[in-house]
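Note that the chains are named A, B, C and D in the order they appear, and that numbering of residues resets to 1 at the start of each chain.
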Amino acid sequence: MKILPAEVVTVCYIIAAVLFILALKGLSNPRSARRANLLGAAGAALAVIAFGLGTELRNIGWILGAIAVGSVIAVIAARRVQMTQMPQLVAAFNGVGGGAAALVALVEIAHSDSPWTLGVVAFTVLIGGVSLTGSFVTFGKLQGIVTTRAVTFPGLRVLMVLLVIAALAAGAALVVTADVLWAYLLLAVGLVLGVLLVLPIGGADVPIVISLLNAFTGLAVAASGLVLSNVLLLIAGTLVGASGTILTMAMAKAMGRTVAGIVFGAFRAHVAGTTSSAGSDRPVRTMEADDVAILLDYAQRVVIVPGYGLAVAGAHHAAAELAEILRDQGVDVVFGIHPVAGRMPGHMNVLLAEANVPYDALVEMDEVNPRFKTTDLVLVVGANDVVNPAAKTSPGSPIYGMPILAVADAQQVVFLKRSLNPGFAGIENELFYDPKVSIVLGDAKHTLTKVLSSVKSTA
Amino acid sequence: MKILPAEVVTVCYIIAAVLFILALKGLSNPRSARRANLLGAAGAALAVIAFGLGTELRNIGWILGAIAVGSVIAVIAARRVQMTQMPQLVAAFNGVGGGAAALVALVEIAHSDSPWTLGVVAFTVLIGGVSLTGSFVTFGKLQGIVTTRAVTFPGLRVLMVLLVIAALAAGAALVVTADVLWAYLLLAVGLVLGVLLVLPIGGADVPIVISLLNAFTGLAVAASGLVLSNVLLLIAGTLVGASGTILTMAMAKAMGRTVAGIVFGAFRAHVAGTTSSAGSDRPVRTMEADDVAILLDYAQRVVIVPGYGLAVAGAHHAAAELAEILRDQGVDVVFGIHPVAGRMPGHMNVLLAEANVPYDALVEMDEVNPRFKTTDLVLVVGANDVVNPAAKTSPGSPIYGMPILAVADAQQVVFLKRSLNPGFAGIENELFYDPKVSIVLGDAKHTLTKVLSSVKSTA
Amino acid sequence: MDGFALITITILAVFLGFEVVSKVSSTLHTPLMSEANAIHGIILLGAVMVAGQAEDPLALALSILAVLLATINVVGGFVVTDRMLLMFRSKPRATASAKAKTEAGA
Amino acid sequence: MDGFALITITILAVFLGFEVVSKVSSTLHTPLMSEANAIHGIILLGAVMVAGQAEDPLALALSILAVLLATINVVGGFVVTDRMLLMFRSKPRATASAKAKTEAGA
């Protein structure tokens, strides 16, 4: 329908851009975050509706049908998925967005003539394709469909280089000939590149890759904004590209490595050798769940440090319940959250929030570290690297320089893990052999459930 | 000269805009701030030079001459002025900027035809005029040429309303007739408005007014960017307008009042009555400078709280010297800086930095407040309102709600001031009558010099 | 809009993207990533644009596929972000631990 | 550039102005105000533009006055900001009090 004049539509785009900015801004405060997200959604709706009311559209039935079907799929997926599977869902949504950007650019070639526009189209198709398959391999890794191990094979690098050259050549050919076939070739190269880029990346690095691919999709959307001369797509895509880049770098930095190192697998290869050398002959103190309950009985100030293993074991509800019972008994309990604990940054917080732990009980690293000195007992649940003192003491270690939770300052530390195997970084943890440290072997959820029942029975 | 093509000039403008953004960003860190300022200066130079090389200019001799003369005046003024006179210099620079914007718009009327452009011209001329005279009255107040008292006279409000109506009418006439005479009228109204706006504002509110007028000039420059279709002026002016607004509001908030309240003089009128009721019959403990030296001899942890009076007395060098001597004697001394201490926000820091107090010894309010509990002695040098507990205890007080420095938590507090007169807000300070508080009467610089010589002789 | 306007807008948006995100606490990084993900779903607008002018069946098929994928991105993105943020509401019980936290931070 | 581009640029610059400043500590507010003051001195560019095309003596006089005033603003602004910032260099002596400060903040 052509009800709205073009000027009004443009103004709506600008308003939508402002709403997107406010949405990203609003997320800096948990109190305003939810409303901010609604503002963002309102911006997206406003822009699409304004466009629909401002233009005579063909194929309106098809379009509305696709929107209806897409909405149903999206709402069901978003509502049904478990909180622990959030990362893969975000990856999947990111992938389809990248795919959509690639398709939009592909179709728009028919209306593009200037070499500049064609160049931007080439970029969009390529990056969109990478983002699509990259995100889906990521999804597969997180969902357990694709192996989380770093998959490499001889000649991978050579193949990558050849593909990049092919992409450049196809892009150049597209710009010169404006023939859409080159764009299909480019898309194909992008799809293969996306797979090859993510396959060699190990499971725990995957969150960084999601963030990186998110930034990629942002760039693809910004580029389609240039192709379509649409200021809203340009602003929204650029905002996401920029913020995604910052976020990716922040995540990588928190883990003491570089984005390039992750993507090109250099680090993985280096660690692979040491991963198997787990365990040592030195004695460690082990403990049973009941002993933990007794220690808790005497403790006045407790910090729970959740890690990757807590997420894997799905032990967050048990941990939350334990904290609540202790708090009812007058014990001062908080969760000490390391920025890279969990499957993706802040994921730990989401998990614990789902388990009804109040936001204020989640204490970030910088705030909790001075607290350990006066803490009686630290429960380290499925975490390892984030408390490993090697980050401070061994300059050669792969995690050297990463800030850690200083649990060693506390009176007593208990690890809940299944074995003495190292964590993601594949290095031993000297802390296991510290006299004030004990280990309860077993699945975190299982152990916590036993601790819970002991605590309840003694109370 | 026309050496550079227009595209290159535009790119230079965009680079200059980026440099301005980096300059403002860089100021958030004292280590990068100086380089950031140089980047900003480079941006300004780049833009002007690129324009000069990209356009065939008339009157080139006059232009270069004016730039040369202006530079000499500016450098001399900026280098010669004393640190205590910084605020008025900033005000003066701001005023000439506003005047320049008004003049540019005025001259550009000859090339403006659309009502939209003429409307923007009208805005620029008016705001530029207000900024020009407003800044110079501010300058006069700070320099002591114009009285710092709030000057009002009957009918002021009526006059202001009439002037605003006149401005609107002249603006409308300019838009309709495009006759430059209306612009002159508008400029005249703006100049008078600027004077009338600032005259009724009391001395201590002047810093807020400088910040406000700074934002005004930013808006005028942004508007001239629209008139001249120049993206650099638009971005630079908007950045300054936006950041100046935020800064003004932050300053006003730190003093527990509103920008509107200051500009419309409501607050001043309300306080005027109480200002004279200073002093009370209750006894206070007075002390001599020598006694302060003795107290310092016993103190291990000292906080110095500098205020408006320290700046007026020029006692910052003496305070810095005292802190250094004490530190050499092993005493733990810091300066506790309230955000609105001094003549303008952060001015206290500049003064103390000039007196060679290391940046790290200046501790901001939120950080110093928990420290008072373990502090032996607080020296309050020419400050009053910023330590007045009425801000916490008396809901009716004009400073109620303003955060204060909790000096009462310390073991002992000594005020260095000339009398028992109240500070800027015109309210009594209950703290004077607290048993752990003593007062050394006299000029702050004089007292501190005596304390210094006593401390030196006992050391 | 001319090329320079677009470049300028892009540069400003880049800075804004940097600034806005650098203030978000790491606690909210996952919702943030999800929000950014939802926002780039506005590619739906582009998909509707090309679908609305598609003439041959291939262009129509591709662009309707784009509409479908983009809808999933944008709708799913905002819904899932909302679901995450729903969990960050402070519970009434928060006061006790808030106190504990203040002590720790002091 | 068309009107919408200018509006968009203005809006982005407003947000950027807000964001950039809200991170500056109050300690640096005076240099910040001075820096912003220097930046709006770029009106010099506008003044040179109008002076460079002034034909009648009045326009020339006014625009040359504008060039003079704007030069004072921009040159003086950057020089005086530099002078202020020169004073914020940390002195070597800083370490002792830095320690004291950390204790206070802990």
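Here are a few things to note about the model shown:
FYI, a residue touches a chain if its C-beta (ideal position, glycine included) is under 8 Å from a C-beta of that chain, and two chains touch if they have at least 3 such contacts.
All values reported here derive from a predicted model rather than from experimental measurement.
The pair with more inter-chain C-beta contacts, choosing from B-C and A-C, is A-C.
Ranked by how far their CA centres sit from the centre of chain D, the chains are topped by A.
One inter-chain figure worth recording: chain B and chain C are separated by 39 Å, centre to centre, where each centre is the mean of the chain's CA atoms.
Mean C-alpha positions place chain A and chain B at a centre distance of 44 Å. Centroid to centroid, with C-alpha atoms defining each point, chain C and chain D lie 33 Å apart.
Chain A and chain C have centres, each the mean of its CA atoms, that are 14 Å apart. Counting only residues that touch two or more partner chains, chain D has 1, 4-6, 8-9, 12-13, 15-16, 19-20, 23. In chain B, the positions touching at least two other chains are 21, 25, 231, 235, 370.
Of all possible chain pairings, those that touch are A-C, A-D, B-C, B-D, C-D. Within the complex formed with chain C, the chain A residues making contact are 16, 20-21, 23-25, 27-28, 30-31, 33-34, 36-38, 40-41, 43-44, 47-48, 51-52, 55, 57-60, 62-63, 65-67, 69-71, 73-75, 77-79, 81, 83, 86-87, 89-90, 93-94, 96-97, 99-101, 103-104, 106-108, 110-111, 116, 210-211, 214, 217-218, 220-222, 224-226, 228-244, 246-247, 250-251, 254, 324, 327, 332-334, 337, 339, 344-347, 349-350, 353-354, 356, 358-364, 367-368, 370-371. Put simply, chain C touches chain D in their complex at residues 1-2, 4-6, 8-9, 12-13, 15-16, 19-20, 23. Partner chain A is touched in their complex by these residues of chain C: 1, 3, 6, 9-10, 13-18, 20-55, 59-60, 62-91, 93-94, 96-98, 100-101, 104-105. By the touch criterion given at the top, residues 4-5, 7-8, 11-12, 15, 19, 106 of chain D touch chain A in their complex. Those residues of chain B that touch chain C in the shared complex are 7, 10-11, 14, 17-18, 21, 25, 231, 235, 370.
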